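What follows is a short report on a single structure.
Per-chain residue numbering starts at 1, and chain names A, B, C and D are given in the order in which the chains are listed.
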């Protein structure tokens, strides 16, 4: 399946993806209205290390430990391969946060659930917004072969 | 007598995982699932959230209602397995019926264990807190005036407290241990949790225990007396190992299995709270009565039952538990050199030994905790990463570029 | 005020036709007149002309110059120039027939010339180059004089009027040649000038052309590096010079010349077999500025044959036909049918594909 | 903050739109933007702003714009604010003023005073979507003897030529003046487009030897990075005698731009200023040039065309004639609007002549002398569009060098601050954190897009003229008409005035 990958040699650490993610998932059509004066809670976050930067999103693992660990059945891996969280079922125990090796499942700001990237399949964007707006092509959405 | 390729005894996480494991290998083999609860499968830990109002009976379904049908599994609820006959490869149920199996999974879970307590039979409203039936029974007696006594300040007792705190008049918690959650928290962490619970009305009687019950009064060893209307005992659990033990299968504290989920009896597998795992953090074989662990065990057993190949050999204890918005994430064992960051409302303790992260406690620092879990479960040597950076903040920026490349540039 | 050829560039649309008897048997100009008359509507009365090959058998070793003179002075100056460079073997006014439709004719003279041997030797030039330079010089430098035919044993006859009238005017039914070409003109922005009519000739080359080339100035500016002066600013003139340059001076075959002028597209060349692929690539690399683009179909007359060539997109019509020893080329089939109703073969050559008809035994 | 010189620009932030994401702060190498934690708002120090638009482009809410300041001196038609500021600047520093990119002064642009022809009625336009339209060409000498082998086939007696699929090449920009990623982008684009890029005088990085067949290597007065393998790797060798942005001036690459990689590539010490002299010290005359041409041909076994690049100066036609007779295969002429990584401002803005005039005169001169086939003519120095390319070719050029347009495609915003080495777009810099802002995977495609777009436009324009091959356009000055030009300008350009018929 197509997944989001970051090319760390091209990630500038501008953090635009975080804002674009927060915007895409805000449900508000205007970015200013969506984000102004607010602390953002994006599903992607950029890790910095000196001049090295890289954005981390959910990897939509083939064998998703977050799904397996979920106590309520709120996390599922769809037939499209997308790992999604059903907020309605989630009780916010954060077991998924505890087990995700990438730190890509995050506590939702309201504290009552976890949240994660669903490749913008759930917000009407059609394509991942972080990929679309990365100014340097550092985040890509593509098929790749499996790791060993 | 009907024959099934697979019979799964027990209908909770391990069993569901086993179905998913079996179906990942064998799309067609016949499956029978029997469960003694008359309830569609649900996440057991959700019962406290149910009382809390964070979920409801509908939303508690662990899988969609069509799960068994979709997976071609026959589900029989309210049925208990009485015994197995490994030679004939049959299971006999409480109603006298029997079925033949090709491969059998014992996922019988555990049951509450109450040590002998004097006068307990005089208590009119006493409850356990392990199953939905327990929660529903308890719920009937909850009232704003009710006084509750919880014996046991472990995970079950305290989650029960969270569930009922706002629905009853007062709650007293008694535990023999000197701190709350003694199995998963150190003193600092326990004190923080205790304070949080006290803010929500809990009264703790620690390093103490009930000497005697007399209807609505408990007298503690310290001599203190607690009057109560409702008693919840959450002292311990006991694995349901009898099916295996009775026919000579190897059982220690729980049913003994190998890394593929096989018991010592041919074609009989075990998973979930009735079975032991090898805990890589402590280096010992023990029961890890945790939902994710049940899933991993069940899935592994299912795959192997269906002729596939999977090993579950990195079990470790890890807990995500929340109380009134406070998130406590823990894993492993607390041995070795400690790295501690104590904030006003946060707490981080990392325990390192033999170049490995052995365990951690994170209170209200949940972000990217999974990176620590990965260090622990995958036994990544600290010397391979920027340990200081990692301790300060969990992130892949502490990993060398080639490790990131291996993990981030391909499908995982 | 309207300007005439040479003062401004003058493209035009037209009709062309040609015939050759490959056995060398002679025909009068009559059939050409009949053929071109059929395509009357492709001309507008502003120019017509003919070239006949093998028409001066008695003077075949001498350069036959045909000149227009507009003034007495021009004739005097020109004849003085000619005398300085040539021995005049014979000269006379060309006999014409007065026609009401052909007006304002200049004085038209014919000379049979041999280069003065001493002058030629001193010039260190090849004889034909010597003659060509003299022609170019008269045309570029002498006002009111124009050499419109300069080959051996061939002649160009042209003027302002419909081509069939021009043919009668020059009494071409009285000339006999083994090959003829003719041209009816439809110039678009001048009244037509006698010198500007077709065919255009240099030495024994004659060109009739239908079209308007878009590469003109690229071709012209390139050719002018080599001593040619495009005084008429017509397509026919520059095409004639290109053929002269590549064929006579550079020694390319007419086939090769065609591959320069109407080069195959690179994509076509890439699909060709060797050696055509490398040969055509080489020609395009050597003479890129002589690629002619835009619509054209031309008939090049040369000693011993005719070459028909159209642009590589075939933007102008052109058909070829054969009947016995005779071969025909024409803008329209009707012109050929008029003079030879039953043909052995008739076809339309592809754009850029040269068709060469020659006297038997001759190889260009 | 300078006491005398006020900032040229103001950074205008629409606070209603700003969400304080701090992208502007992270992306400005000039440190214009800062976040004020107390107010939670962004601040700007416009005295540091070079107006490169990096922040404007990346601001996700379009909250930023950079405007020319309306702070004015007392109006003076003679002493413009810029002139006054330059005096202040020199009074401050005592130094030569430095600038980058091309001449920004309002000199006439003759490309914009020439109009193109199209076919109507008498001659059909050609539809490039239906008919082949050839933009392929060969650069080099076209003088060849006609010789035949025993089968009568023509022998290839041509000197080596360069094959191009479009009449556009990327002009010389050195590694050092521009970044590794910029070079990689140019090299990859040249390869995909079937054309060439030019190393400039900075040598050729080892990583780019693989693009050798699309590389023109330069031999300049500093001889930086010139060695046998460098010459052998290239498709052609360019001797740089001059540059349009700074005729008569050598080069100066500040030590700050000489990273380890640049140092190795140039074969010079790291961190020390690299000075290329004004003249080649082995070329003080045209016959010396011929010797260098011959030497380079000998060194590469006569397998590669030699280009001689000169700045367009007053005597360009005569110089070109000399070069055409020196054995060089191609002359590159760089007009006075051409770009640079750094030049003295007064030189850039006042020396040289427009490329249009130089080209027209050189082409005419070479034809007059009958030696146009001795050389191909490459022109550069502000070729801004496909229309400029078509006009240049109609005037007589074989092909065009584009530099500034290529940089624009890479993201350059023409802030003309290359000499500071802090290019926020990752182009004219060697700072690793800035260099990585130019991702060649994206950037090379932008170059390919640009040139492909121009190619399509050239095809359309040619088709309209009824021309289906570039060869028939070259020197076809009848396709041009002047507008708003004096008789002298028309004469020098060799074209007629608009409205004059064929």
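Here is the rule we go by: a contact is a pair of C-beta atoms (placed from the backbone, for glycine too) under 8 Å apart; a residue touches a chain by one contact, two chains touch by 3 or more.
Predicted, not measured: the structure shown is a model, and the values here were computed from it.
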{"item": "Between C-D and A-D, the pair joined by more C-beta contacts", "value": "C-D"}
{"item": "Chain nearest the overall C-alpha centroid of the shown protein atoms", "value": "D"}
{"item": "Rounded Å distance between subunit A and subunit D, as computed from the means of their C-alpha atoms", "value": "43"}
{"item": "Rounded Å distance between subunit C and subunit D, as computed from the means of their C-alpha atoms", "value": "47"}
{"item": "Separation of subunit B from subunit D, taking each centre as the mean of its C-alpha atoms, in whole Å", "value": "70"}
{"item": "Centre-to-centre distance between subunit C and subunit B (centres being mean Cα positions), rounded to whole Å", "value": "103"}
{"item": "In contact (per the touch rule at the top): chain pairs", "value": "A-B, A-D, C-D"}
{"item": "Complex interface listing, subunit B residues touching subunit A", "value": "17, 43, 45-46, 49, 54-55, 59-63, 291-292, 295-296, 299, 318-322, 325, 327, 329, 331, 366-371, 373-374, 378, 389, 394-398, 401, 404, 406-412"}
{"item": "Residues on subunit D engaged by subunit C in the complex (per definition of touch)", "value": "119, 122-124, 126, 131-132, 134, 136-138, 142, 144, 146, 153-154, 156, 158, 161, 367, 370, 372-373, 396, 465-469, 471-479, 501-502"}
{"item": "For the subunit D and subunit A complex, residues of the former touching the latter", "value": "16-19, 21-23, 26-27, 40, 57-58, 60-61, 63, 432-433, 436-439, 441-442"}
{"item": "Contact footprint of subunit D on subunit C as seen in their complex", "value": "8-13, 188-189, 211-219, 221-222, 224-226, 250-252, 256, 263, 265-267, 275, 278-279, 282-289, 291-295, 312-313, 315"}
{"item": "Complex interface listing, subunit A residues touching subunit D", "value": "7, 9-10, 12-16, 18-20, 23, 31-32, 35-37, 51, 133, 135-138"}
